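Common to both upcoming complexes is subunit A, partnered first by subunit B, then by subunit C.
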Partner chain A sequence: MMTKSKRLSWGFFVFFIPVFLWLMLLIVLPHIELLRMSFARPAYLKQPGFTLSNYIEFFKEPIYWNTFFRTAMYSITVTMIVLIIGLPVAFYITKVASFKTRGFLTILILIPFWVSELIRVYGWTIILRESGIINHFMTKYGIWKQPIEMLYNDAAMIMGLVYTSILFMVVPIIGVMDSLDNSLIEAAYDLGAKKNVIWRQIIIPHCMPGIISGCIIVFMMVLGSYLTPNLMGGKNSMWFTEQIYNQFILYRNWNMGSAFGFLLLFMSSIIIWVALKLSGQSLKEVVK
Partner chain B sequence: MEIALSVKNVVKKYGDFTAVNDVSFDVEDGKFFSILGPSGCGKTTLLRMIAGFFEPTAGSIEIRGKNMANVPPNKRPVNLVFQHLALFPMMDVKENIAFGLRRRGEKTPEVMKKVHNILERVGLPEYADKRIDQLSGGQKQRVAIARCLVLEPAVLLLDEPLGALDLKLREHMKVELKKLQAEIGTTFVYITHDQSEAMVMSDHVAVMNNGHFEQIDSPSNLYNNPASSFVAMFVGNNNKVTGVLAKDESGKFYVQDKNQLKYAISTIKDCREGDIVGMYTRPEAIIINPAEDKTFFNRTGVHVKAVLFDGGNSRLLVVTPTGQEVLVALPQNHQFDYIKKGDDIMIGWDPASSVCFKETGAKMYDDEI
Partner chain C sequence: MIRSLPNSKFYTITFNTFIVLYFVFLFAPLLITCILAFNDSMIPTLPWKGFTLDWFFGTGKKTGFFHDPLNLRAFGVSFRLAIAVSLMSTAMGTCAAFLFEQENFPLKNLMYLLMIAPIVIPGVILGISILSFTTSVADFFKNNFGIRLDFIRPSFWLVAFGQFSFISTYVAMVVSARLKKFDRTLEDAAYNLGANRFQVIWYITLKYLRPSIIGGLALSFLLSFENFNTTLFLVGAEFPLPIALFNRVRDGSTPVINAISFLLIFATSVCAMVNLILSRKKKED
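== the complex of A and B ==
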């Protein structure tokens, strides 16, 4: 008995230690250091000790919390757009497409993610910019008098973000939608329901766990994305991650940068918590 | 009587395959109509056309005299109880039942009154607030039926709703369902592959085979006067002997099997002298140790292969000297309790209790030849 339980715990440690080290060394320890730094003054001031000034600075300077507010709002918007596009796409793949087209469509959604984000964004740039493909054809056939700059504005940025995150909405929704019995949809239809009622009362409630986990993933991804807003957004569509980047790299103010990082983490957690409460879901159920 | 449902020459094709082939029938208001057929004969396809999920390739469907062509399922005055019930797990019992009423835009107090009424009707008055996964199989069944009945459909369609239940509960629900239908008076169209379900519950039964109807009749007529060899084999048990139909000097018909044994027969359907026919005799029509003095009587000595004890439905499995297996019903008065496996006994039957049909080549599950 003794030996058996000992061996068991030994095996447990073999698997546990790498995971533990991974979490400790790469995630927990750096964060503890960043947290410590966020409560300290910049080193060049030579003033050791605890301070809240990094955080206070965030609220004192409108550009910071404006950027944060904008980033959060755009992230929510992008998440909603992705959800609105993702639901019918997942429905088509799971319930309408034949078995063969289903595999094909899934691959079609996956393929763009084999390419790095940078290349994908540049792909969009080639299409949309002033000397890009669309403008080339539009002016050639005289539909537009002169090329229009379609990049570097909020719409282009939102489109880019939607494009890069759609997979992470569609995949979890496909997972739950697969388990939806077709006869439930038919029964609702038979009992007199119209399409929108079937969506509202049958399909969406059933898919809620997938929708929530998709939304959380997409929201976090969009909120923390850097390349797409930077390359596709305009001069005045600053993303909060750029603020953090600026603090770390441009101003060499690691203390402020880490404070911003924690504010981002904290506030995104609050937004997700509020969203979960509003939709009446619990994180436990979603993770399950 | 008003006609609740009228199906006229309905055909459904899947590509080259004809799943439903020229089916016509009428169901009167308030009747319990069953469609009985083996697996894959097209029952579900037919029912789904009536519900509106498929459009027929040809033919028309009328409900209360109104043609249903191009009317979607949510606009038809029929409701379907699905094979696996399809109750909504995201709603409780009362919301499941209220679903259809709400779609009609009825007000909540009225909806709830109707919901409680119908729950009372199906014997589940305390279950309004239960979740679906808290119900037993039989209770789910009743909720699924209540969910449709509360809408007062012109016709309630049921697709093998008892299929998923265990035997005991199925027996119970059969009687319940019949009682409920008689009480509420809604027209039921019920499909099943279980002949006892169809026989016990229905006013009329249609026997379906390979996409077409073989016979539409009352249960007792189906049993006593089958119109085709398929019906004879599918409804109840029957002993089948294959042979050639012939006539003796006195003009009486007999069937001669491959061993030249002759069986007299008096009920002949659609077949002529010289045809290869199947002769069908019910196990309970066969008499054990028949009196010697009967004339014009089929009589043969047989060997008892097994005693199949099944309570009130006990039978003997016997073989004729030529190797033909015959099932014989055992009367319930213990008169023949002495018969054991391996005994040799006499059996006989009145030629009038057999029926013969021209052999079509259509095979049943347990066909001999």
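== the complex of A and C ==
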């Protein structure tokens, strides 16, 4: 027994030290520094000390908090749309498709997401824009008299966000739906249950863990996305990550940018925490 | 409803149509991007003006990808970055998997939560926090000791560290999943035969983990190659491909972007297919 514990302690430090350094130097300390900077004045002012001015500025300027709440609301909307589309897709793949096509369909839904987000969004821009594919056919066959700009508006942006995040809803739901015993559905059917009853009382309760994981991951992805809102959204539909980018890179006001970053992190943590509490799950289970 | 139950015709048709539409939605942008890479036109749109390979090999007015120094350089940066990041994060991810699956220590749960945090921290936040921290550290060393730490200023290596910080987590999840299923009596047997911890890990556990380590390498390579959000804040003078392409997409594009997209889509699809065939074979064995 003695020798075994000695072996373990040797191995322990070999694994512990690098992991500790990684988490400290690249996760913990950077976030502490971000928090510190959000409570400091810009360096060129040469006024050290604690200040709330970065946060006060956020609440004073409507464009900032408008963007903030719009981003939150749109992220929730996108998550709901993704859930509504994702559930039947996952159901089809696990329960309806024949066993042979199943593996094929699973690979098929994965392929687009192995391709960079930029390329996927770029694909949509060449379809939707004024000189794009849809307008080409619509004007060629005389359905529309002149091309319509379908890009750079909120609807296009929401569609793009749904597109880029839907896989992360479908995959966790497939995972849990797989473990749902078909005979439960058959039994309910034999007892005369209607489809919506089966969905409400059997399928959805069983899939809840997957649904919650999917919702959380999709929500985080959408909230933190930059490319899709930037390339598909309009001039007036700025995303909060773009505000952070502007503060950091355009205005070089890192303190304000840090405050924005923390507000985003804070809001997302609160929303995730509420979702976890409501569903009675832990973060550990969700990220699996 | 499910395979074994009868359905009305209307229901089956509606559901199948929905699924077909879903897959059209999924593949339309990729297919159109690929097709337009071969269109003999100055802008990536229809009408079809004839087949050409100029956007790959062309010189002169239509500079193809293989003669475009800017894009080639960006591709090279991304490639080197992905190699560096995948090696670093696979090593770290495997370490973390061993630490959390096989060791016990105080505050293990807290540390585990910290390790999975990067999955739920937006990439933009990770980018700005690493940028502010490393800049402060570099400033501190410069002002107090006159030491220049340029590699933690926005540069190739800072991007690598930034991507490494969250990609390691994904590798750790992949390797942990397999390590969980490992039969630890195999280790005991090796100890009884006189092996030390290092030998056990090297000859037994790592051999067992090999598929997941290869999977982790592939995953981290892809994640690094296509990362945008974290990279955006840490780039220096060397632009990786997604950043270089982003600037081009915004400033108005030529089909050379379609050509690059085609190559990337093709490469990833081939990888996916190989993966599918290999996993099928494994099941048959």
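As a convention for this text, the second predicted complex is superposed on the first by the 274 of 288 C-alpha atoms of A that agree within 3 Å, B and C clash if a C-alpha of one lies under 4 Å from a C-alpha of the other, contacts with A are read in each partner's own complex, and residues count from 1 in each chain.
By definition in this document, a contact is a pair of C-beta atoms (placed from the backbone, for glycine too) under 8 Å apart; a residue touches a chain by one contact, two chains touch by 3 or more.
Treat the numbers as computed from the prediction; the structure is a model and nothing was measured.
Taken together through their common subunit A, the two structures put subunit B and subunit C side by side without a clash. Of the two partner chains, subunit C is the only one that A:26 touches; subunit B does not reach it. Contacts of A:63 after superposition: neither subunit B nor subunit C is touched. By the document's definition of touching, of the two partners only subunit B reaches A:192; subunit C does not. By the touch criterion defined above, A:278 reaches neither subunit B nor subunit C. Shared-chain residue A:143: touches no atom of subunit B or subunit C.
For subunit A, the partner with contacts to more residues, out of subunit B and subunit C, is C. Contact with subunit B, but none with subunit C, is seen for A:184 once the two complexes are overlaid on the shared chain.
Centres of mass aside, this uses C-alpha centres: at subunit A, the angle toward subunit B and subunit C in the superposed model is 90 degrees, to the nearest 10. Distance between subunit B and subunit C in the overlay is 5 Å (nearest C-alpha pair, rounded to whole angstrom). Comparing which residues of subunit A touch subunit B with which touch subunit C, the overlap comprises 186, 189. Partner subunit C is touched in their complex by these residues of subunit A: 4, 7-8, 10-12, 14-16, 18-20, 22-23, 26-31, 33-34, 37, 85, 88-89, 92, 95-96, 98, 103-104, 107-112, 114-120, 122-127, 131-133, 136-137, 163, 182, 185-186, 189, 195, 198, 216-217, 220, 223-227, 230-231, 241, 244-245, 248-249, 254, 257-258, 261, 264-265, 268, 272, 283-284, 287-288.
Subunit A makes touch with subunit B in their complex at residues 181, 183-184, 186-194, 197, 201-202, 205-206.
Across the complex, subunit A is touched by residues 51-53, 72-75, 79-80, 82-84, 86-91, 99-100, 103-104, 147-148, 151 of subunit B. By the touch criterion given at the top, residues 1-5, 15, 18-19, 22-23, 25-30, 32-33, 36, 43-47, 91-92, 95-96, 98-99, 102-103, 105, 111-126, 128-134, 136, 161-162, 164-165, 168, 173, 191, 196-198, 201, 222, 225-226, 228-229, 232-233, 242, 245-246, 249-250, 253, 257-258, 261, 264-265, 268-269, 271-273, 275-276, 280 of subunit C touch subunit A in their complex.
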